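The structure under discussion appears below in the form of structure tokens.
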Amino acid sequence: MDERYTIEKITKIWSTENKLSLWQKTELMAIKARVILGLVAETIFLKIEETLKRIPIDIPWWKNRDKEIRHDLNAFLDERLRHLTEELQRYLHEDMTSYDTEEPAFVCMLRESVQIVIRSLEEVCKTLKAMALKYRYTIMNARTHGQEAKLQSFGKRCLTWYVILQLDLNNLKNTVSSLKYAKLSGAAGNYGDMDPAVEIETLKQLGFEPLYGTPQILPRELFAPLAQALCQIVQSLDKIATDIRLGARSGRPILQEPFGKKQKGSSAMPHKKNTIRTEQMEGMARMARGYMNMILEAIKTWEERAIEQSCVERVAWPDLFHVVVHSLKTMNAVLTGLTVYPDNMLLEIADSCGTYASEEAKKLLREFLAERGLSSEVAYRIVQLAAFNALELSGGFQRLRDGIPSTIEEAEVALKEASSLDRPRRESIQDIIPLGHLRHSPQLEATEKEIEGWNVMLFTIFSSRRIRDRWNQIFRPSYQLRREPFLYEKILGK
Amino acid sequence: MDERYTIEKITKIWSTENKLSLWQKTELMAIKARVILGLVAETIFLKIEETLKRIPIDIPWWKNRDKEIRHDLNAFLDERLRHLTEELQRYLHEDMTSYDTEEPAFVCMLRESVQIVIRSLEEVCKTLKAMALKYRYTIMNARTHGQEAKLQSFGKRCLTWYVILQLDLNNLKNTVSSLKYAKLSGAAGNYGDMDPAVEIETLKQLGFEPLYGTPQILPRELFAPLAQALCQIVQSLDKIATDIRLGARSGRPILQEPFGKKQKGSSAMPHKKNTIRTEQMEGMARMARGYMNMILEAIKTWEERAIEQSCVERVAWPDLFHVVVHSLKTMNAVLTGLTVYPDNMLLEIADSCGTYASEEAKKLLREFLAERGLSSEVAYRIVQLAAFNALELSGGFQRLRDGIPSTIEEAEVALKEASSLDRPRRESIQDIIPLGHLRHSPQLEATEKEIEGWNVMLFTIFSSRRIRDRWNQIFRPSYQLRREPFLYEKILGK
Amino acid sequence: MDERYTIEKITKIWSTENKLSLWQKTELMAIKARVILGLVAETIFLKIEETLKRIPIDIPWWKNRDKEIRHDLNAFLDERLRHLTEELQRYLHEDMTSYDTEEPAFVCMLRESVQIVIRSLEEVCKTLKAMALKYRYTIMNARTHGQEAKLQSFGKRCLTWYVILQLDLNNLKNTVSSLKYAKLSGAAGNYGDMDPAVEIETLKQLGFEPLYGTPQILPRELFAPLAQALCQIVQSLDKIATDIRLGARSGRPILQEPFGKKQKGSSAMPHKKNTIRTEQMEGMARMARGYMNMILEAIKTWEERAIEQSCVERVAWPDLFHVVVHSLKTMNAVLTGLTVYPDNMLLEIADSCGTYASEEAKKLLREFLAERGLSSEVAYRIVQLAAFNALELSGGFQRLRDGIPSTIEEAEVALKEASSLDRPRRESIQDIIPLGHLRHSPQLEATEKEIEGWNVMLFTIFSSRRIRDRWNQIFRPSYQLRREPFLYEKILGK
Amino acid sequence: MDERYTIEKITKIWSTENKLSLWQKTELMAIKARVILGLVAETIFLKIEETLKRIPIDIPWWKNRDKEIRHDLNAFLDERLRHLTEELQRYLHEDMTSYDTEEPAFVCMLRESVQIVIRSLEEVCKTLKAMALKYRYTIMNARTHGQEAKLQSFGKRCLTWYVILQLDLNNLKNTVSSLKYAKLSGAAGNYGDMDPAVEIETLKQLGFEPLYGTPQILPRELFAPLAQALCQIVQSLDKIATDIRLGARSGRPILQEPFGKKQKGSSAMPHKKNTIRTEQMEGMARMARGYMNMILEAIKTWEERAIEQSCVERVAWPDLFHVVVHSLKTMNAVLTGLTVYPDNMLLEIADSCGTYASEEAKKLLREFLAERGLSSEVAYRIVQLAAFNALELSGGFQRLRDGIPSTIEEAEVALKEASSLDRPRRESIQDIIPLGHLRHSPQLEATEKEIEGWNVMLFTIFSSRRIRDRWNQIFRPSYQLRREPFLYEKILGK
């Protein structure tokens, strides 16, 4: 993993030093287990433990030996045996096969790494919780298909982000339950000379219980779901990051990634504030999927085992953990320093011409039309037409729209015009409909005549004060967001 | 999915007919919920229900409408509304967005499909359980790295296959817990005009509870682990299938796929009995991974939702289910009809020259050597040398090995020789070591002189009857497999 | 593949009918080859050909037979042999193994499918070429990292889309060259009784040449690059689709997907015009990757072959072709009907305060500053500060920005304010810098005092008319786009 | 990448040192280009070149600066500018955007890495070529579906391995042609202030030509096929490795991985010679696919570019190259040291009872039967029955097969029996058929009576000496392999 994306704690967990020290721990606990079971004298254990803990493992020696015999666990044993008297040597690795030592160590590394993930994930969840509360009344357009949909608070969006990470956390915790297992059941999983009681006791010392019925190694079915759960976290982060990128598009940004005082956006263009950290999240998501797939395939091995999984696990597990934790830390930094522009959220709503209430408008209209014997389809079409009308252009704007420049000079003239046009406020469907201001739109089927009839009818309907009040009510943010307190209550308990 | 791999029940679940009927069910339950909550008169509901259940959905009409308006749920509503009076129309889909209808239906389809998977998986587990018991004493060489390792029973191998499928089943059940959720919370997940009480009641009728805090659709974080769990099952089946293929290699097969009386192995070669069903499992595993990856990415969508996931889910979910269930059914057929050759398992053991006990031999030897002040490394080297000696060739065999033919005529002569050589029984390490029959091997470091010393020493050691008895004991199958009853007890309770 | 995404021509190519008819063609050509080589009398061939072409293959018969003997090619032969006299039977499939028949047929299906892809891809390229010319002077902000960068024409963007599809087309054509190979070299690829001359002649009749040295089947190394090339096309389409989605975000869209007159955007919200077809492209890209990965793994098979690849190829190849051609056709429809809003492109430029020229501004300023002994770093910082100043807010807008509402009532008041604020035209860096209007920004390091100095200096520098002219020049679109004609010339030859 | 799988040359190419030095080279060539075009005085270039080449880049300084400004290319420029006089500074990076510098450097790294891959791949091809020649007459059973099929030489198998690697090499070379492109066309690819003549000249100095029509970066469509080609190589190696593993299964291995004199196969079992290097190849293939997929997705970026690809490319490209080159080197070592057991190949053939000629036997028989008016189906069935008969058991062997032990004691007895049974030579179909020794098989449909008739007929047919000669001929290796010289000629020219 490139050092930019490396998490020091993860590096330590997966270091040679830590791995060998966990191997040693397993070997020692296997002897201790025999002491507990009355099979070996305690003094033996104490002597071995004292010696091995006192003399650090000579890593270069081990590496050389490994190159010679092409067996890392045997090389480790050779290194350790050097320091034991002939008499003590036989107690080390007694009745064990390599993977009886390696598997508990491996699962320990997974467990420690997962704890770091959980802590980092909880950190992001905490940040999102605080944001949900802070932006509880910061209103914005919800967007579906990139289009302005209904109103919501930015707090509600944070709440959704929080909820998906909670789902990921639950998923992760589900898969972690498999990490309670390890094995000491020999080269074919049917023990050979190993006493099952020694397995139980050794694993107990290490915080495990046996999985019965394994081949030489723990079946990788135990770990594949964990890789998926880790990968999924980064996919969710990428989803959140994408929402931020979409909000941060210049023009009228509603969100912005933190940007350092000395930061440079571009070597060429001094005005740039690029969303580089949220963009990176997409790369991280791609990497996480790659590593997950490498790991998933480890399930397949020949018969009682072959070693296809070993090289993959050396690389993909630590790199996947780096990617996950780096992504979580980056996301936490982005969220913590996120700039929110409530003004632009409001201006966006103001410019959306009341369309955020089109659903309620349609419903209310349907009620009024039903009294006149008209179908709900008509209500849909009136609101659709009003929405299209509201966004139609007038005067200079329409001219700009109609003219595709055919020379660069024409383009320059058009830009000058665009720069000098006054930006009018647009009419809202909140007004168009009650006033009967519907106009024909070339984009829709309704005929002039039909529309004429609608306008007359609408004017009549809305002459009632009561109806106008009900109508205006639905456009109020307090109405639009009236169920959000319920969501806060359900999700955050407040 | 090609019809060869299609499961009829899965096809039905994911059919247009079933989907639309589930949409209708959701719509009806949303009205019924309002009846229960006292918001709508029961007669309204009964009239709508009677009408919609009486008049089947006109699928071709729906398809045409969908093409016109490019919105399948709206097209469905249009089809249904045709049959309702103006007065009843407003109750259908009231305050709902498309995915309020589609999501419960979608999760229903997942739930029904998963049940089929679970049943098929349990069937295979049952078969494996029976096999584990049947072959409890059918001894064979365990193989690690493709090499003969220790003795085990074929029942023990079935037990391991059973255990990995149990892990898959548990994993699947873990992920299924997410299928309890659905949503009816409107276009942005903050309800709009939908009353949360109606959501709760509707979902209750359908056997769901609400997930609070969704955007327009259920977050796909809920379903990605399910795709992984399904995919993982096929990976495990491929592992089992590979073990069978490895056992079925001609020459001295220990296993054989069922082969029909009229089956043809090859259009060219009449003698062939090909392992085509277990080989197919590898293809299925590749497909399952492809579909899983398609689904996993559905987590990423823009803001309150976009429709990237829709086409993928239409294709990948049913096809993934077809692949999983077809694979399970195929595997069950293969296992049920599997031919086991105990004779070849025994001949393989007989020919392996006692090496299956090399671990115990090394241990016992270490004990004897320790009394003579020799290190355990020496025990390792003696057993390794004996094993290499046992497998060395003599006479004509060695000549055949040494001669790479340099013409086709030489090859023909060699084949004739090979065909006429008597196959001698090989010496076993069980005999070589006690008799001090070690010989120099060019593959190992030990010098002639060193070996000479070892032979003398071994002969002396094994002159003791007690030692010879202990030695012979470790080569007995009953000794080698003495812990298997413990495994049967732990895993199958017997 | 779901029928929505199915291409009829692809379905036909991969149909059972077509496959069996290609098998028959191969079988016939193998006999014809022998006629040409003088090994078989022509009358034999003509009789067989006449019979087999006259009597259509009985598909249901074939399917039943296949189920019985579990060998589709043998079942096909059995079906055909029924219609031949005993005497003619021996000429059919003579000296051939199944895959001698199947491989040429398979490669034919690939070749036919690829032709459809190429035609569809060329169609999209043609559309993009026309768009590049049409929008040659339709100016817009280029965007990097979602941020407005430099000016470009929309035609230039179409040109880039065109270029990436040309790269894909070249890549595809590179991989297609492997489709010239087939084989008729028997069950182990070393011919058995097959005469290599018959192989050459048969393949020549079918438009192939032999690949020498195959095992039983053509090595899948031949086809994996094709799957990649197909997959890559959809990735590029997804990139283009994403650009359209980004341009179509409501608020001030610059692009819009075609929207039918009767189309409905949403069942709930009548105002919606959703980008459903470009969003679907992302789903298609995910599917294409899934299928590509399934196919890629077919490279791995055991020894002279096993049948892992067969089920995958039955499913993944046709489905991949459906996905690619459907995506190309969809994209062509989207591009052909794409609505372009030149007005909004211009308004976006106008609102970007001249920052599009920040690079040139920095360069020019550097030149002026260098004469005063100032470093280029200062030029960068001045332009950066001017850009930040230009985008700063004033009055009511700043108040809106500063206030995160703490109640829903405050939110309602803020929305009312936002709706009533007049939208001022912003100052451009084109003016800020020459006028010395730089102000302190809390986002940047420059101190008040430093800025004061800069303002004085800038005012002095720009008092020169010549300098002002050069300065204003760089902000002109004709200047910004002055190299685009060169690109058009190089890429389109005009 | 774990250091075990790291290739030093690849590490160097992708090191920070090399990257920054390539950035510097690009920057210098951009100035030199201007000298050539007469835009800048040569002395300027020489001064800059001298300074920058003299003063090494201060990597720690650069790293600190990068952390501060979060822009690695700008940090590099800052580091370099420190050493230039104010007057020279403006010539560095003039009119360029970051990726104008980075892209040529990046493609250089790809090119250098690819050269190493090509050399390593050619090395393996050379080894395989030598093996094909060495084992030209070393006969063995070809295997399809793991079953013994026809005869071939081991040289022919090496030839097939050679051919698939040649396909990979051609594929790689196809994709390498894209590495001739780079770009210097500014932040939006439409040049800004950059003069296209400077781009051409700069790239010429670096050995590139421009790709016209790019956005800010080179479209990743250029590189995705390269990633596929690299990945594909490892898939092919895994295929070869799997064939070796299948040949190396103990019992009667025909191949064996090199095994060092000091190597240890297992910590528990001294007799083991594990195929650890070929097994690792499967892990490598899984990793290669993971990295390829990460890279493939880089095609998708927003508009004129975003930075999703950067982190992936930093990690996945070097790691993919490590994986590919490590795999090639490992495979070369395995092949170079591969032990081939011609004796076991011969014994396998001898034990396969002449079934290797079943295709020719069927054909010849068909001819004889045709003269008696019998269909070719009968020939197929006779040969199939003979093959099944040949492999049937007798006496003690059949008893062993029939008895699934129901206690461990029974198992022990059976093992003792198996160990003491004399291994008879089996009858071959070469004899069974001419002698009319067909027997009923419960596995096939033929009735006793039918078989009786066949036996009589066969005996009659084969009473002819001429027929017996033709029959015996087809079982000769020289007949079976008679087309192999043709293949050697076509592929190796000898």
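Labels A, B, C and D are assigned to the chains in the order they are written; within every chain, residues are numbered from 1.
To be clear about the criterion, a residue touches a chain if its C-beta (ideal position, glycine included) is under 8 Å from a C-beta of that chain, and two chains touch if they have at least 3 such contacts.
Keep in mind that what you see is a predicted model, and the values were worked out from it rather than measured.
Touching subunit A and subunit B at once are the following chains: C, D. Placing every chain at the mean of its C-alpha atoms, the farthest one from subunit D is found to be A.
Once the centre of each chain is set as its mean CA position, subunit B and subunit C turn out to be 35 Å apart. Centre-to-centre, using mean CA coordinates, subunit A is 26 Å away from subunit C.
Residue positions 97, 143-146, 149-150, 186-187, 192, 245-246, 262, 264-266, 268-269, 274-276, 279, 289, 293, 297, 302, 306-307, 359, 481 of subunit C are each in touch with at least two other chains. Residues 81, 86-87, 89-90, 94-95, 97, 142-146, 149-152, 156-157, 159-160, 162-164, 167-168, 171, 174-175, 178, 186-194, 196, 211-216, 219, 221-222, 224-225, 228-229, 231-232, 235-236, 238-239, 242-243, 246, 285, 289, 293, 296-297, 299-307, 359-360, 363, 366-367, 370, 373, 375-376, 480-481, 483-484, 486-487, 490-491 of subunit C are the ones that touch subunit D when the two sit in their complex. Of all residues in subunit D, those touching subunit B in their complex are 134-135, 137-139, 143-150, 153, 245-246, 248-252, 259, 261-262, 264-266, 268-276, 279, 340-343, 346-352, 355, 358-359, 362, 380-381, 383-384, 387-388, 393, 397-398, 400-401, 403-412, 414-415, 417-419, 421, 423, 425, 429, 443-445, 476-478, 481. Contact residues of subunit A toward subunit D in the complex are 1-2, 4-5, 68-71, 73-74, 77, 93, 96-98, 186-187, 192, 245, 260, 262-269, 274-276, 279-280, 282-284, 286-287, 289-291, 293-294, 297-298, 302, 306-312, 314-316, 319.
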